[in-house]
Each structure stands twice: as C-alpha cells, then as structure tokens.
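Structure, as structure tokens:
Chain IDs A, B, C, D and E follow the sequence of writing; residue 1 opens each chain.
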C-alpha cells in the first residue's frame, strides 16, 4: 500500500519531469503519465472500500511528532480517486487543447506537477504534510495561471491568486503552530485543545479553507485566476484545488467541531448566494463559471458544517465532474472563437453542437436538475441545512441562482446572433472526448451517494420532502428570472416562434417546463404581472451588479488598497530608512566632522593662546581633582 | 591530521601567495583560489565524516599561541559550526567560479576572497575568543576592500559605511570579550570553558552590560533594525560575489555570535531581555519585508529580505533564551535558526547571483525598466522563480523547514509573537511576486528581446546552490541531524 | 642668621625682587627689561642669603651677573628698538593674560598660605655648606653628571642653531617640501 | 617677621609675574624672561622650605642647583633659536609665527 | 634609598654603591658615550664622512637596547644611585624602545640631513635626546626629573629647528620651545612644593609624605607636574604644540617626537604618579582617566578634517597618547595596567614609525604630504601601500596587528580597574578614528594612478626602516607572545 501511496504522488511528478525533459515528446508522455497516474488511486480506492487503511511516513524534522507521510483512508481514497479521474480527463483534454501551442510541454508538465502535489495534499498524513502540499498547490496554481504570455491579466491574476491564498494560509500556519504547541502532535483526528489556543486552531483552519476555496470575502482571486488556460481552470479552479478547502474542513472535522464549523457554514452560505449573484453579472464565460464555483463551494461548506463529511464530499465529487465539464466545453468554445467573452461567444454552441451538448448536460447537473448528479448531492445539502432556517434560505437562493447564471450563458451560446465562425483547431477530438466523459459523469455520478456513505462510514445522507420540493422549485425560479427580464417580449416571441429554444430545450426535459412557463406568462400578457415579475429580478440584478461592482471595484479595490497600503507603508519605512536612521548616522558623521573643524579653531597657531588654554586646562584639571578628592 | 586548521590555513596561505603569482599567468589566481577552496572543502568533508552527531564540541585542535593571556589557536566543531563552515565553503566555491571584478580573477581579488574565506572559516570554527575576534575583524577588512575595489558606482561610500558600522559593532564585542575574560577565574579566552563555566551567571548589571555589548555587535552584523542601515548600501554597491558572500556568509557571523556567545555564555542575561530581543527581531522581520516591498532595485530588494530572514533567526534565538520555553521548543528554535542561516545563505546567494547576472545583461536592476524577461531568458527566469519561491519560504525548498521550526519554537513561549511573525511570509510572498510579475512577465520590449540566457559559467556557479537548497528543502535532516542543537546547547 | 636679621634683609629684598620682576614686563624697552630681570634675579640671591642659604644665594648672584649680561647683548642685537626709545608695546592680549596670571598667582598663594606645611624639627640646625657637596658628590652624583651633559647639549645645540653656514661653508638646510607652501 | 607662608606667597607672586610675561609678551626674548622668573619662583620656594621646614633636605639644595642650570641652558638654547629665527624671518615676535595652525 | 645625602658617610657609601651599580647603568652609559663621541667625531671627521656618525649613533642606540635586554635578563631590576635612578621593567622597556626607535629615526633622517652643514651634530642631538628620554623614564628624583625633562626638550627643540632656513621649522621650534619651557617651569614649581611637603626630592620619600599631606597643596602641585609631563606626552590640554611642531619639523624628527619623547613622558608619568602618590592619593587615577578620555577624543576629532597627513598623524598620536594613558590610569586599580602600558608603547612605536616612514617615503617622491599625494600610491608602490595600510590599520586597532593587542591590553586593564566607561569612550574614539585613517588608506589603495611621476632615488635606510617597522607592526601582533610576556614581567620597583 505504501508503494501505491507514493506512486500516486510520484507518477505524475515523474511524468512532469519527463515531459519537461523531453518537450518534443510531450504529447505521448503526457498521455502515458496521465493514464499511469490514474491507476494507483483507483487501486487505493478499491483497497479502501475493502476496509484497508495504511500510512507511510518518515521523520522529516528531527523533533518528535513532526513526521511527514501519506495515508490511505476512506476520505483520502475517495477524494484522491476524484482528483485522479478529473485529472486524467483534463490531461487528455489538454493534449488537445495545447496541440497548437509550442510551449505545451511547459503547460502539460505544469498540470502533471499540479496533479502530483494535489494528490499529495489529498493523501497527506498529518497537518505538516498537508501544509506542505497545501502551499505547493498554491504555487503550482500561480505558475499555471501565469502561463499565458499574451494575456495581460495572467500575471496579475496569478499574483493575486497566490497572495490571497497565502494570506489565508497564515491561518493554517498559526493553527499548526497552536496545535503542535498544545498537543505536541500534528496528527489528524485530534480533538480541539481548549482555550485561546484551540480558538486559534479553529479560526486558523477555517480561514485557510476559506482562502483556498475562494469563500467570501476572499473569493476575488478566483475570477482573476480565470486568466489561466482553460484546462487549468477546469482542473485547479473548479474541481480539485479549490475543493481543498472543503477537504480541509472535512478532514479536520474533529478539530473544528462546534463553532468553527458553524462559522464555516455561515461563510459558505453567504458565499453561495453572493457568488451566485456575481456569476449572474459576469460577461465572461469563464468568470461566470468561476463565480459558480465559489458558490458551489459555499454549498459544500454548508454541507460540511451541517451534514457531515459524506454530504460535502458527495457534492464535491458531483460538482467536480460537472464544473470541470463546463470548463472543458468552454475551452472548446474558446478555441472556436478565440475568446471567452460572452459577446464573442454568442452562438458558439449552435456552431459546435456536440460541445454544447456536453455543456448543457453539465450545466443542468450543476443547476441541480434531477436526475442529474448534482441534484442529488445538492438535495442532501439542502436537507442538511433545513434545521437552520437562515442557511436553508440561502442555500435555496443559491440553487435558484445557479440555474439562473448557467442558463444565461447557455442561452447566449445557443443564440443565433453570433458570428458563426469556427476556427479549425487541432486536437478537437481529445477535447470533445473530455467534454463527453465529464458530461457522462455528470449524469451518472448521482449514484455515488450511497457507496460514499458506506465508504466513509458516515450516517445516512439526510433528505426530506420539503427540501426536494424546494430544490425542484428553486432552479425554475432562477431560470425564470433569467428568461423573463433579459428577453424583451418581442424578441422572446420571435425566438419562440422560430423554435429558437425548442431544438435545444426539448431535449432537456427540465428546461421545457421553464419555457412553458415563460410562454404562459407571455400568453397571459398581463402587464402588471409582467411588471411584477420584471420587478422581482430587478433588485436581484441590481444586487448582483452591486456585488460584481463590489467584486471589481470595491473588494478588488480593497485588496488593492491593502496592497497599496502595504506598499505605502513600505515606501514610508523606506523613507524613514533613507531620511531617518541613515540620516541620523550620517548626521553624526557630519557632526564629528564639524566638531573636528571646530577643534581646528582651537589650534589657532597663536602661541599665547595655546599657553593660555593650557593654563586654563591645567586649572580645570586641578579643580576637577580637587572636587573629586574633597567629595 | 589537523583538518580544521588545515581548512582555515590553506586559504590564508594561498591568499598570502597570491601577490607572488606571476602576472603572465592570467588564470593562475583563479585556479589557486579554487584549489585552496577545494582543499578546505575536502578537509571539512573529512570533518563531516568524522563528526559524531551525538556529541557537542569535538575534534578540537589546539596549539598555544599567547600563553601569557591564555590565548590559543583553538578550533573545533559542533553542529552549528560545521553547518555554517560548510555553507561558507560552498558559497566561496560559487563566488570564485563566478568571479569578482574583471575576468579572469585578478591576483588581488583572489587574495581578498581567500583572505575572507580563511577568516570566515576561522570565525565559525574558533573556540578561542581572540581567534574569534581576529577573524571577525579580518573579514571586515577583506570585505571592505572587496566592496571598495570592485564595487559599483558608490562603492567608496558603501564600503566606508560597512567598515564603520561593523567596527562600531566589533568594538563592543571586544569589550564584552574582555569582560568575560576578566571575570573567569583563571582568566581565559577559551570559549568552551567560558560556555561551561558561565562566569557572569547571575550577576546583575555587569552581565547585562556585557550582554548588551555583545548584542549590539552582533545585532549590527545580523543586522537587526535599527542597526541595519549599512546593509542595503553595502549589498547594493558590492560586486556580485561580494553581495553573495556578504549576505550568505557575513550576516551569519551575527547570528552565530548571538547563539554562541549571548545564548551559550550569557543565558541568564539573555533570558531577562529575551522578549525585547524577540520584539526587535519581529520588527526586523516585518520592517525588512515592508521596506523590501517598496524597492524597485532588485539588489536592494534582496538586501532587505535579508533583514527579514535574519529577523526570523533573531526571533528563534530569543525564543530559545526565554525562560518559559520547553526543551522541545528550545531545540526547535535553535535548529530552525541555524538551518535558517544555512538556507538563507544558499537562497540569498543565488538571488544575488541572479541580480548580478541581470545587471550584467541589461545594465540595470531597476525593476521598473524591465519586463518580460522570461521570454528571452527562460532558464534564467525559471531559476529566478525558483529562488524567489525558495526565499518566500515555499515548502520543498530550504527555508520552509527552517522558518517553520522557528515559528514552532517561538509559539511555544510567545504565541502572539509567532503569530505576528507568520504575517511576514505573506509580505515576502507579495514582494517577490511583484518583482517577478514586473520584470519577468508581460511584454518584452525590443531592447530586452535578444538577451542571452544563462551562460555556462554562471550556471556552474549558481546551480550547486539551487540544487542544495532544493535538497535541503526536501530532506532538511541532512543538515539538521548534524546541527542537532540538543547535543551542544546547554540546557537553560 | 637670626630671625630679625632675616626680616630686615628679606622684606626689602623681596619687595625689590617682585617690583623689578613686575617692571620687566611693564617697561617698553627690551634692554631695560633685561636689566630689570637681572636685578630681580640678583636680588633673589639676596633673598636666598636672607633665608640662610648662603651657598645658593652667592651662586645665584654669580650666575645672574654672567647670564644677564649675555641676555642684554642678545636683546641689543636682535630686537627692534632695543633702547625702548619709541616706547613700543610688547604685549598682546594683555588683560586676559594678566587676569589668568593673577588668578594663578592668587590661587597658588592662597593654597600656599593656607596649607599646613611641615614644621621644622626643633633643635636641628642646618648643616653647613659641605653637606651640599656631599649631596652633589654622593647621592646626586649621576644627576650632577647628567646636568653636565645637559650643559654640553645646550652648548652644542645653541651653536648649531645660532650659527648659520656651518663648518663646511655650506648654508643651513632648507625645509622639506610639504606641498602646501614654498619654503 | 618672616615666615614660610610669606616666602611661598612671594614665590607665588613671582610665578604669576613670570606667567604673565610668558602669556602676555609678544617677543620671544621677553617670553624667555618670563620663564626665567617662573623658575626663580620655584627656587625661592625651595629655599624657603630649606629655611623653615627641612634644613637637612640637602637634595633641595641640589634641586636649586638644577633649576639654576636649567635657567642657564634654556636661556642659551632659547637665544640661539631666536638668533636662528631672526636671521631667517627678521623678526622674533611670537605673533608672527602663525603659519602652522589648524 | 636615602631621601637626602648630606653626610660624608652617605657620600662615601654612595660612591661605593655607584661603582657596584654601574652595570645597571650600561644602557644609559651607551647613549652617553654615543653623544660625546658623536660630538668629537662631528668636529674631527670630514664632511663626506659625517654619515659615519649616523652609523655610530644608530649603532649605539641599538647597543643601548641590547644592553637594556642584557640588564633585564642578567641583572634584574634595581634602584641605583641611592634611588635617584630606578632601573626596573619600565625603564628598561623604555630604554629598549628608545634604542630601537632612535635607530630607526636616524635611518629615516639619514637622507634628510645627509650632506647638510651640521650633520654630525644632528646625530649627536639625537643621542642626547635619547639619553634624556631614558633618564626621564628612569628618574626617581625630582631634580633628575626636571633636568631630564628640560634636556629632552632642549635636544628636540634643536632637532625641530634643524632646517634653519625653513620658516616652518623656525616657527615650529619656537613654539615648541616656548611651550616646553613654560610647561617645564610649571613642573619645576610644582616639584618645589613636593619638596616642601616631603623634605626630599626623592620620589620615594615624597611618596611617603604626600598621602598624609594637605590635599589642596598636593592637588595644586600635582596639576603643575602634569603640565610638565603632559606636554611631553602631548596630553590635552598640553598638546597644542604637537601638530605645529610635527608639521614644521623634519619628518624623521616628527617621528622621533611622536615616539621617543612622547613615550618617555608617558613612562615618566607612569613612574612618578604611583611613586609619589601611592594608593591613588587625591584620586589621581580618575583625573588621569579623564585626561585620557579628553585626549583621545580631542585628538581623534581634530584629526578628522586634516588634509595634511603629518598633522593628521600628529593628532592621531595625541589620540594614541590617550589610549596609552589608559594604562597609566589603571596602574593603581589593576595589575594589568603596567603590562598594558608597556605593550602598547612597543606596539605604538613600531606602528607609528612605520606610518611616518611611509609618509616620508611619499614625501620624498611626491614632495607633498597632502592627502592628494597618496592618491594612486597602490599602483606605483604596492609595498609602500601595504605598509601604509598595515600601519594605519594597526593604529586603528585591527587584529591581528600590533595595535589590536595594544588596545586589547589597555581595554583589559581599564575594565579590570573598574574604568569600563573609559574603555567605552575609547571604543567610540576608535570608531571616529576610522574616518581619518581610511581617508589616507582609501585613496592610496583604491584610486588609480593620477599621473606618471619620476621615482625618487631610493634611500636604502628609509626602505630598511620601513621594512623593519612594518614587519614589526605585523609581528608584534601575530607573534605577540614574547612581547606580552615581557610586558607581563615588567615590574616597577616602587609604586604599583
């Protein structure tokens, strides 16, 4: 088992090194490495399902307790397998995505390297190893975001991503220090120490998880990270790395039990709604998806806080498949239109129907349309949140939002108004295969709930009639909110007349009722109603615009302001540096020089003055001696 | 075979031989310097092999020098000495390979480098206070000439400042040494004995004054804010190898002294002022990072990060001196501090080489004038990124375990200090990424588009350092098992 | 000498001595000053005599009569206006010099007067002049010899300085060039 | 009646006069005279002590001899110096000697 | 030791002792012989051969140093001549230093005075001055002390004014003369009071009387004594003549003044004060410590703006007096004071002579002693530059040069004597001194050649002196053991 554990980390790493070493053979090497890397996690998963547990570590620092190692248990096996699966798909997709890129070796090696450290993070045994991989994952992420040399947003995005997550990592450090200081151990599964130290541990870990998972108010880095190549976004910023925060919460359940998890839940619930609003207002497809990711991760936080590990991990898995699929499909459109701007992408789905099919399937899954995968997992979260009304409301709002923000790009993609051009790109087959795989996964992953519960030996997943009902209603409301106000009735009618949506939507039973509803609303021709309905989304829209504005201006500016404040402070201290201390020292030198010049005046060259001064000096000495002798 | 004395003496003798080399043989100084350093390295390797990690001060070589004052040539190693001596040799090999001033290495430059090397080794290995002090000051002179002769535009000013500050630091140390000498009965300069006997243990004002004298001296060398103002000037104006050695080796003199003298010989006094020292270290760490953030000159930026990193060392040492600390925390803190010195030497050495190469290629180190360098210089750029990430404490690279150990040790006694210190890692991350973003990413202007990538000579000088800090980052016990402060740090 | 005789000689002699000494620096004539100094120091010999130091007193009179004559010669040779006909002022910074000197004199006098000096052991008379001889030829022999060396030194040195254009008919050496001025 | 303090006071006054000469006179010769007076004051002190405190202090007698010698030799060298300087600079005024300073 | 002579028996006894004690006076005798024979030779030898006198006097200086060593090793210490001359560690060390330094100065002077009109007498004057300097340090009697002070002064006045056609030399000698005689007269006045308090001019007797004597009189007389010896040692506030005299005097004479006559004054202080004021009477150690602090501070500060290297060295030597005086100040409080004094004196002699030798070499070639004259020296004369750097760094006190161990010793003594504040002031001063020492070293080492210059005729004696003193500067530090042992064994017969 130990060998398998290390292989899980080692194989992708080896692959990365090989690809880096032989860039001309990047493609075959990547494929081989990707496939090989997927094997050990699967074996591990089987073993874990079989009840096998293993750890393999060594003493990394001489002090007792500071070991570093990997472990196999149910949680790590499950997440590791997810990572491996998504990783495999994304890597194969990438082979196609980067087919025309002459620096593909770098990108592929980067992805493989990321896969290695991500597996390390998942399999890490103890908080020290977790921290090591946690930081490495962040660095790998920054490197991959900054991959593009043409996009002026890439470098700043990478920097912001790394800095934001690292700031949050201070929490991890502090938690680790506090934990070790209090218990002398950094092993998983400990209870939280009491007192202030325990509070530090709790807060620190939650903050770290928030940073990694882009939870409010630290979510801004995620949209900046979209400047990276799309496969990177798919792998890192939707499916795996950002889920590390959720993983940390689940992993640390025993440490965080109680108020820290409540805090996490609140953060998650708020983020779920806020990020949904942000997603709704983005004009860039990938940024929409980024907002959606943050929102879904918020749901996972709620799940972890309210429902326990199985709930969160279940959603993690289904979301990973769906969101990665969305990104991969977005990547296809991006290749088609050489952009991810929604205006540019208008009609791209119609031009590339296969990709759009995958996109739509995954979107429906994320939007929690039954019986697709994410419906089930999200339903459990909703059910788990039911006892806490506030969370419950927020979760439902976000569910509605998810339908809205996914429907909007879907509509645009399917619009006819687009340019209708498709760039012939190499490697399409790889890419479409990837999209297809994940779309399929999004359809079927819903069955994983029960096995997961058994694997994790968790209590049965919560569910309730109310939650199912409201879960069903929420997306519909969300979809309506999009369909009604954003389509002027005339346009909508024409679109309906032309069967604009029919071809697409008929295939998806879930959207049909929505469309029917919209038709009914139009048929009612009730201006008041129209207006009333119109009025509902308006505040939402305003809110989302506000949030986006906050995102772009407020929070970003706040972050920038902090940074600028730091820089200003730095400049200030630099000024102090140059003017203050240094000047003091230099001033001292000047003073010495000046007193030297003054002392030259004593040496006037006039002998009688010398003599007189000598006499006075001698007298002074005598007086001093007399004073000391007499006292 | 007196291996340690050999390691010190060979560079010094070679330095003395440098003026005698024939002027015609242009390569001779370089080869001589390399050969001498190789001998030193070999002698240290033998020592490393013979070193018993379980014991404290060992392999002591001893010869009478001035018996009247009980001054001896006394050199020996414990974990800290050995680790830092090894670091010294490594950095000198790199510096000699890289060169100073005009190429090939002139006789004078080779002589100064070798003199500096011998003196630095003597300092780390000395077990006699006079040898210790002599070495301390000889490094000062050699470095002064290195800066003043082969430095950059304002080299005179910087060299003078360096000389001045270091002298201000070294003279109180001399007073402290004398005070220790006089309080020991019988009078002795033997550091091993002084550490064992602790003649000033428990004595109030005197011990505090002596502590203060040593502290000022080492604080200037380390440097601790506000005694650091010599550092940016010296680092910026020094030639590349000079900066490397200054940051990589000479700053360690201060940290080494703090541990060797203040902590080992004056633990009582240190315990009294531990929190104050730690706060100074904390201020250094944060202040250094903040000031570095505002720099546009790459060398200045690196220089200030040295203040930051050495601030961690000071915090660790202070924590180890505090009364409330557990044995485990103590060892963690000191192990971490020593490892941090080693790691910082390797990483910052690399960084200064990087800055030197940059200046040589582009004629400027002003980050505002640079952009997109990764494109013409991918290998170099990757090296820069690697070194930057190492310096900001990324796991897997050498400074992470060191800083983590310091944090762990410090948290044991002052959680608040440790927690605030951790904030420093964010600022360093910010400043390095800013620099990376500014100079290495984005569009590349035409004038920078055709820069040659890393040359072989440069790669040979820098690669060993990079390899070492990666290896140390992956498996820090390679050095930590040797350092093993538990075996030589007397329990306080 | 009895106390009375001492007093009779001492007071006038001391007054004269100090008066002439003071007048040395008041007169505007170099020659007069020299003669006054001669007088002052000669009278000091008288004071010595009054204080029962016959040997020293006579020696002082002898020395001064020789030395001061030489001094007068020098003054006549080298001084502007040696006769003091123009009444030139030879002082500078007179007030401050005077106040410093007065302060020092008063200070020393006060300390001297207030100090409880060792008293003469009663009943022991001063030894006769031979004792000085024994002192010089015994205990202070080496000092005496060294005094001789000093006189030799002064002679050689005095000649060296005073006589330009030495034995070999070459001029005295000029200065080394120091780079700031021309010698 | 004469007593030791009287003698010493006279010595102090004489010393002061000599010092005044040394400080206040512009001419080197006059300064030398001041020095002579200072030395004379020292002699006077010793003679006073010999009379009133230490009649057996023969070393004091020798000390006076030494001082007399000093007066002679210092004057001799001093005059020689003045001669030398006067030849070259045509002046023996102390106030003219201010090239060396600072 | 008799406080007074005065009887026939005493005289007879003294004569017997004198004969038996002659070996102890051998170093003094050698110098006396050197002086007398030098005068004879100066009168008799033809002009071309006057240089031989230099060899003779220089040789006898070395012989005196050798004899001092012989006395030390073979005869031990003794208060001779009824205590008027004290031959002990202090005296013999001074004799050794004076012997060797005098020889070095003669070597330096040889090219300056060669062929001049009074060459032979010049060497004779050096011999006289050295003799007087040794006497000054050896004097155990006020009379001899006054004589020796005056004789040292007179001989060096003449040497300073030797270049008679130089206005600067004239001025220097006049100033030096007047300052010296006035200070000497003041000392004589002070000594007269000591006689009054003790009834004898023997410092031994004075030392028995002064502790119980009225304080005011003791203080006043001691202050007057300090004026005399302090001027010789160039202590503030009696230092004013120093820069002017060094500046005007021939360079070898300036070197001589800065080493021989200064050390003689300091050694005399070290002898007289503990002898006459035993056990820190009237707190003189503190007073000396204060003077030391003021001296080093003023010397260093005043040296900073100097551009004339000779004046700079003059102020530097004032500062060095301050450091040496730390040893004197520690005499009562610590056993380490005397060894520190002796070692520092030796180290200082070697170092300062090396510095003056370099300056003289530069002056001979470039006809200037301005800082600019040192520019680019390293390219033209690497060995000179090495000597310059080594000697100036030694003056600064950098290890492992002689000056460092000197500082180590005096700091040790000061701290041991509970004068740590003085050591702290000395430390600050060392830092200040860095400014001006580097001001000379830096242009010499760092600047490139300014213009091609004709190389001066090489003067073998100067080169030899330069080599010897530089090697000594290094060797006294690296191989300090013999000298330190010697200093450690230096004892004073009376006093501390």
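Everything below uses one rule, namely that a residue touches a chain if its C-beta (ideal position, glycine included) is under 8 Å from a C-beta of that chain, and two chains touch if they have at least 3 such contacts.
Worth saying up front: this structure is predicted, and the values here are computed from it rather than measured.
Note on connectivity: the fewest chain-to-chain touch steps from subunit B to subunit C number 2. Contact with subunit A and subunit B alike is made by E.
Annotation: A-D is the more contact-rich of the chain pairs A-D and A-C, by number of C-beta pairs in contact. Of all the chains, the one whose CA centre sits at the greatest distance from that of subunit C is A. A summary of chain positions shows that the Cα centroid lying nearest the centre of all protein Cα atoms is that of chain B.
Spacing of subunit C relative to subunit E, judged by their CA centroids, is 29 angstrom. Put simply, the C-alpha centre of subunit A and that of subunit E have 80 angstrom between them. Remark: subunit B and subunit E have CA centroids separated by 43 Å (rounded to whole angstrom). Subunit D and subunit E have CA centres that are 25 Å apart. Residue positions of subunit B touching 2 or more other chains, listed in rising order: 164. Counting partner chains per residue, subunit C has residues 92-93, 96-97, 100, 104, 107-108, 112, 117-118, 127, 131-132, 134-136, 139-140, 143, 147, 150, 153-154, 157, 159-161, 164, 181 touching two or more of them.
The set of subunit A residues touching two or more other chains comprises 589, 600, 603, 605, 607-608, 611-612, 615-616, 619.
In summary, the structure contains touching chain pairs A-B, A-C, A-D, A-E, B-E, C-D, C-E, D-E. Put simply, subunit A touches subunit D in their complex at residues 600, 603-608, 611-612, 615.
The part of subunit A that touches subunit B in the complex is made up of residues 59-64, 66, 128, 131-133, 135-136, 139, 142-143, 146, 149, 152, 154-156, 158-159, 162-163, 166-167, 170, 173-174, 177-178, 180-181, 184, 196-197, 200, 563, 566-567, 569-571, 573-574, 577, 581-582, 585, 589. Within the complex formed with subunit A, the residues of subunit D that make contact are 19, 22-24, 94-95, 97-102. Residues of subunit E that touch subunit D in their complex: 3-6, 141-144, 146-147, 150, 154, 157-158, 161, 164-168, 170-175, 177-178, 181-182, 184-186, 188-189, 191-193, 195-196, 199-202, 243-244, 247-248, 306, 311. For subunit B in complex with subunit A, the residues that touch the partner chain are 164, 226, 229, 232, 287, 290-295, 328-329, 331-332, 335, 372, 374-375, 385, 389, 394-396, 400-401, 404-405, 407-408, 411-412, 415, 418-419, 422-423, 425-427, 429-430, 433-434, 436-437, 441-442, 475-477, 480-481, 484.
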